[in-house]
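Labels A, B, C, D, E and F are assigned to the chains in the order they are written; within every chain, residues are numbered from 1.
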Amino acid sequence: MRPSGRANDALREVRLTRDYTKHAEGSVLVEFGDTKVLCNASVEVGVPRWLRGQGKGWVTAEYGMLPRATHTRGGREASRGKQGGRTLEIQRLIGRSLRAAVNLKKLGEFTITVDCDVIQADGGTRTASITGACVALIDAIHHMQRTRMIKSDPLKQLVASVSVGIYKGQPVVDLDYAEDSNADTDLNVVMTADGGLIEVQGTAEKAAFSRAEMNTMLDLAEQAGTQLFACQREALGLVE
Amino acid sequence: MRPSGRANDALREVRLTRDYTKHAEGSVLVEFGDTKVLCNASVEVGVPRWLRGQGKGWVTAEYGMLPRATHTRGGREASRGKQGGRTLEIQRLIGRSLRAAVNLKKLGEFTITVDCDVIQADGGTRTASITGACVALIDAIHHMQRTRMIKSDPLKQLVASVSVGIYKGQPVVDLDYAEDSNADTDLNVVMTADGGLIEVQGTAEKAAFSRAEMNTMLDLAEQAGTQLFACQREALGLVE
Amino acid sequence: MRPSGRANDALREVRLTRDYTKHAEGSVLVEFGDTKVLCNASVEVGVPRWLRGQGKGWVTAEYGMLPRATHTRGGREASRGKQGGRTLEIQRLIGRSLRAAVNLKKLGEFTITVDCDVIQADGGTRTASITGACVALIDAIHHMQRTRMIKSDPLKQLVASVSVGIYKGQPVVDLDYAEDSNADTDLNVVMTADGGLIEVQGTAEKAAFSRAEMNTMLDLAEQAGTQLFACQREALGLVE
Amino acid sequence: MRPSGRANDALREVRLTRDYTKHAEGSVLVEFGDTKVLCNASVEVGVPRWLRGQGKGWVTAEYGMLPRATHTRGGREASRGKQGGRTLEIQRLIGRSLRAAVNLKKLGEFTITVDCDVIQADGGTRTASITGACVALIDAIHHMQRTRMIKSDPLKQLVASVSVGIYKGQPVVDLDYAEDSNADTDLNVVMTADGGLIEVQGTAEKAAFSRAEMNTMLDLAEQAGTQLFACQREALGLVE
Amino acid sequence: MRPSGRANDALREVRLTRDYTKHAEGSVLVEFGDTKVLCNASVEVGVPRWLRGQGKGWVTAEYGMLPRATHTRGGREASRGKQGGRTLEIQRLIGRSLRAAVNLKKLGEFTITVDCDVIQADGGTRTASITGACVALIDAIHHMQRTRMIKSDPLKQLVASVSVGIYKGQPVVDLDYAEDSNADTDLNVVMTADGGLIEVQGTAEKAAFSRAEMNTMLDLAEQAGTQLFACQREALGLVE
Amino acid sequence: MRPSGRANDALREVRLTRDYTKHAEGSVLVEFGDTKVLCNASVEVGVPRWLRGQGKGWVTAEYGMLPRATHTRGGREASRGKQGGRTLEIQRLIGRSLRAAVNLKKLGEFTITVDCDVIQADGGTRTASITGACVALIDAIHHMQRTRMIKSDPLKQLVASVSVGIYKGQPVVDLDYAEDSNADTDLNVVMTADGGLIEVQGTAEKAAFSRAEMNTMLDLAEQAGTQLFACQREALGLVE
């Protein structure tokens, strides 16, 4: 039995609230149950130095956690003077995932930065971030089209992400904090709407996992992906 | 005429939403119109090194702005590796203001840190932060009393804050961004519910201001204070 | 009775020594009693990036305290790897105050940086810094005129600063360290020679202060301002 | 055809040279073809603060690349003042992988730090690091046993790692730089000698990958694992 | 002919002003002509961690240059967030030199830190610093004796320092900036009053130097040492 | 008797292995007995900002020590966020020494950076670094000539370095760690092949040293230089 009483293949309630703040070109509050992340996409003219003059755009992400998003207060990274390894690892993952959604050549020499700031954490902040950031990214792209910054459509596909794991010997999807902190294995999967895999990051927290367990977990992730893409399409008002 | 159409002595709508997040001992979303700040108060055992062994507590604050809380994206301080001067100045102001609300001797050797993170900025983030942080602080104190961490009541008084300024020659209260960025003078006032002044920080942005102007501005602040304290009491369910 | 035996409205002896070092375009040692600050104004071609191409100049300040300017040795900020919040707050205050003295459009695309380094601290280092920095700034402007870097006169007015406070229930001016560390209220005032206010920063250190107390303190500051401007004029050899 | 002419399932030549330097308790130069990493395991008394008093040990890793380990010189992280995201990500991966090899309770309150410094890079530095670091770790454990620091054997199992990928549509193992920089997909696998998976990190560099491709890649990794564990056993003089 | 008109073996005027500031246990302004350095010695209870429990004391130094001590303004190290290599090199040199003056065992578990801050630079700041810091150190030791912090006398000997160099083919002593920036060779010598050498740091700025040149320079330094020790003794009121 | 049994004037075995790694334009492993330093010279187009447009090149060095190059593990400087004073001092010394070998005008607007990374330390890492870096520098210059980046020969002369010291009252050359950590005096000498001195850095570790001792040490260094230049020439295949 999962602490939340959910079935092994049941996601937490997923909510995607667009236009959550007023300044960003795309602003989405994503909620996976009690995990709440604000995803703000900002469009800026120009690209990083190493990409200049190639006519291509750039998509990147930054991730942060409010100090008291967690059970006990974590130090403020701005005050400590550096971002921790976990933060950098997650924001690199989000950035790579979002770039898989976009044709950078069609984006032109613009940079879209998606800031994912965790307001409240209850497990799965990186997967919620990717799922919400994709919607914010699309809103930012729509803004660019509406304001004639770009004419073509650089969006290639939707991307979404979910965690799966082995908890008390059972494969489960979308682990909350109570599960995540006691799981044997934790696997984060980033998927495209057409069934492809973008990132698979599995970690044996307690015991090694087998190929068979990995396959079961990927099955669960695939199934969850279908629901997440439906949530994204509904939030965006896309006809399925 | 003010850009918002407000009367010179009219505050924006003030909202104080308690229990905004679930982990913090006190968690308040404060809104002054479109300015939205999440104020999370965390209780921790112990005090800073220089205060140890005196039986006194400590109250401090940290302030941050989400990168896209503003019209254009600001760099993430955690990524730049240091907090800017403005950030440090504001969090020192919030900390001093909150300490004026509390009898540190009655608090015992505990530290309450109030994190004020700006979700959306539209002028007056520091005054909204102080006003909201005071409510979060009180919720944290109540939590300490309920859980028997302390027996006495360390709260001395409510504190609240508002900005006043000279905008196009007129004294106005609670400046939004459109006013703030064009004001001649900007004065932030921190007050106690019994009419005392805790902090007065006035800056001539364009032209020097006179004693007479200062007095008019302080009158406006005093009047606004009455309303802010009423909002705080209502949010806290205190009988007036 | 004040620790120094001064009357409540008596400044410490104020000395402004010009040309204190030989390299800076303006170099002033300012002394408010035992508080000694070296103010060096440097003229550099060009302005910060965000101001380029507008034909305007920039005036800014940096503040530091020698490690043993104080009773006990403070850590060297260069060695700790960052400037503290107090330092940043003070140098921002000095910079804003000096910009009030200058018409930046008439300055042309030059930057004047005034370094205020505290040689010996005995209370009031920020107010002494502003008072001395203004003289160093003027010497730097004169240097620019003499060397034909600029033709017009960008100086708008003199600015000076003094602290006032409530010490043992009495309003007093120009607090030294013995008073400052025990004052109920501390108010730093930056003024222009024609009676205007540039900055007013009041802090209740122990108890809140009233409007009446504030007014008394501002009266004291105004009176002290008259003496400080006379000192500046005398040091500069200006006919009054 | 692979640039190196290797068969799709062929590893580069793997060499593990023990006692490469004289000070470290375990010192191994690992070579995967032209990729050369020096893995030094250091034993220190005590554990990080958060683990103290539990009677458990700690195993961690740090990773670095000499500035000219690569085709063009990379900036020295010590000089830039921070470790990059890639560095932190890799050293966290190595640390987690090594901890899977050890029973921390049997280690006692000691910390083993394995420094993996890349002398020459030609793709696969993280997988070579893990494979070599495991041998250095075992040498350090043997040193602890010989010098009676510990009596029991904290080693649970060997761990080794290899990269697999899709290069020009073909699944290949142990990608060198020429392949790695042009691969469609890159998958790093950390395995235990008994067939378990410790870490699986797959990234779609160009196009999404399918479940079928993932399975083929994992097959290749498993097969390569057999060879790597044989190399480790041979280097350690373990009877198979 | 030297730019200053001095003879090759002539020092600039050396002034040592004791009690220059009021807080430090030893406070000396040292002037070598236009080079002016404030040397403040601070006594603190305790020693660095690595020295604890051995009953020995520690003497160390920190060095800084005010931003406008030089012809053109140098960036403030506190603001840049780190001390430069030159600064660290010089403060390590001063520290080693001062430790040669003191018997650390007789000092007891106290730390004396001498801060050398350059008010005005005109060449030779490190040699002036050492010469002045030695006097400040002795004043701090006397303070410790007067206040009964120590009973014995930890002072072993006076140390002083001077630069010598080859300027336009001529060996010269105590180079000022005009010479230093054009010298072929620069040699800094730290000496003890009984004729011993503590530090010899020679650098060929333009062309290599010969053993013969080195000997001539050391002769000049020795001769200058005699004068510097006389200055120190006179400043300290020591009977020669 | 020296710990190693060497005669007072005997160097450790010196080995210079060229082409030690494959990417750098010059790559030399230098060994002075058990001290092993990898010296990689990198050629980059362009020069530092302050040198641009003068048609001159630049030669610089960076120095690092692998964390476990020493008896006990030292913290990784990249992880601590700054290079220590010793590191900066050594890399400045190496850079200055190498620039003495090269005519920067003939180098053209290229920068050669020599990274000296200590693989294993046993005393004399800075002198071994200079001796090896000179060979790497020459290989990099030859690479530039072969690839027609430059036509003329910017090499002026060979430079090499050795330490000498007073150990147990005896002057000795090329101190290993056992000697270095107990020496009375330590003198590092950088020489040119034609008998000139580039750098002389002597430090009295325990007792002051005399002119006579200094001369004896310099004699030893000169003699050792002859052997080091022979090693360099042999490694480079230069006809003597």
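Going forward, contacts are C-beta pairs under 8 Å (C-beta built on N, C-alpha and C of every residue); 3 or more make two chains touch, one makes a residue touch a chain.
Since we're looking at a predicted model, the values are computed, not measured.
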item: Touching both chain B and chain E (chains); value: C
item: Labels of chains that are neighbours to chain B and to chain F; value: none
item: Angular offset of chain C relative to chain D [C-alpha, multiple of 5 degrees]; value: 180
item: Numbering shared by both copies at the chain F-chain D contact, with half separating same from different; value: same
item: Gap in Å, rounded to a whole number, between the CA centres of chain E and chain D; value: 50
item: Centre distance in Å when chain A and chain B are each reduced to the mean of their C-alpha atoms; value: 33
item: Chain A and chain D, separation of their C-alpha mean positions in angstrom; value: 28
item: Residues of chain F engaged with two or more neighbouring chains; value: 81-82
item: Ring path (origin chain A; first step to chain B); value: A, B, C, E, F, D
item: In the complex with chain C, residue positions of chain E that touch it; value: 21-24, 27, 34, 36, 38, 40, 42, 44, 62, 64, 66-73, 76-79, 81-83, 87, 113, 115, 117, 119-121
item: Chain A-touching residues of chain D, taken from the complex the two chains share; value: 82, 84-86, 88-89, 91-92, 96, 100, 187, 191-192, 194-204, 207-211, 214, 218, 222
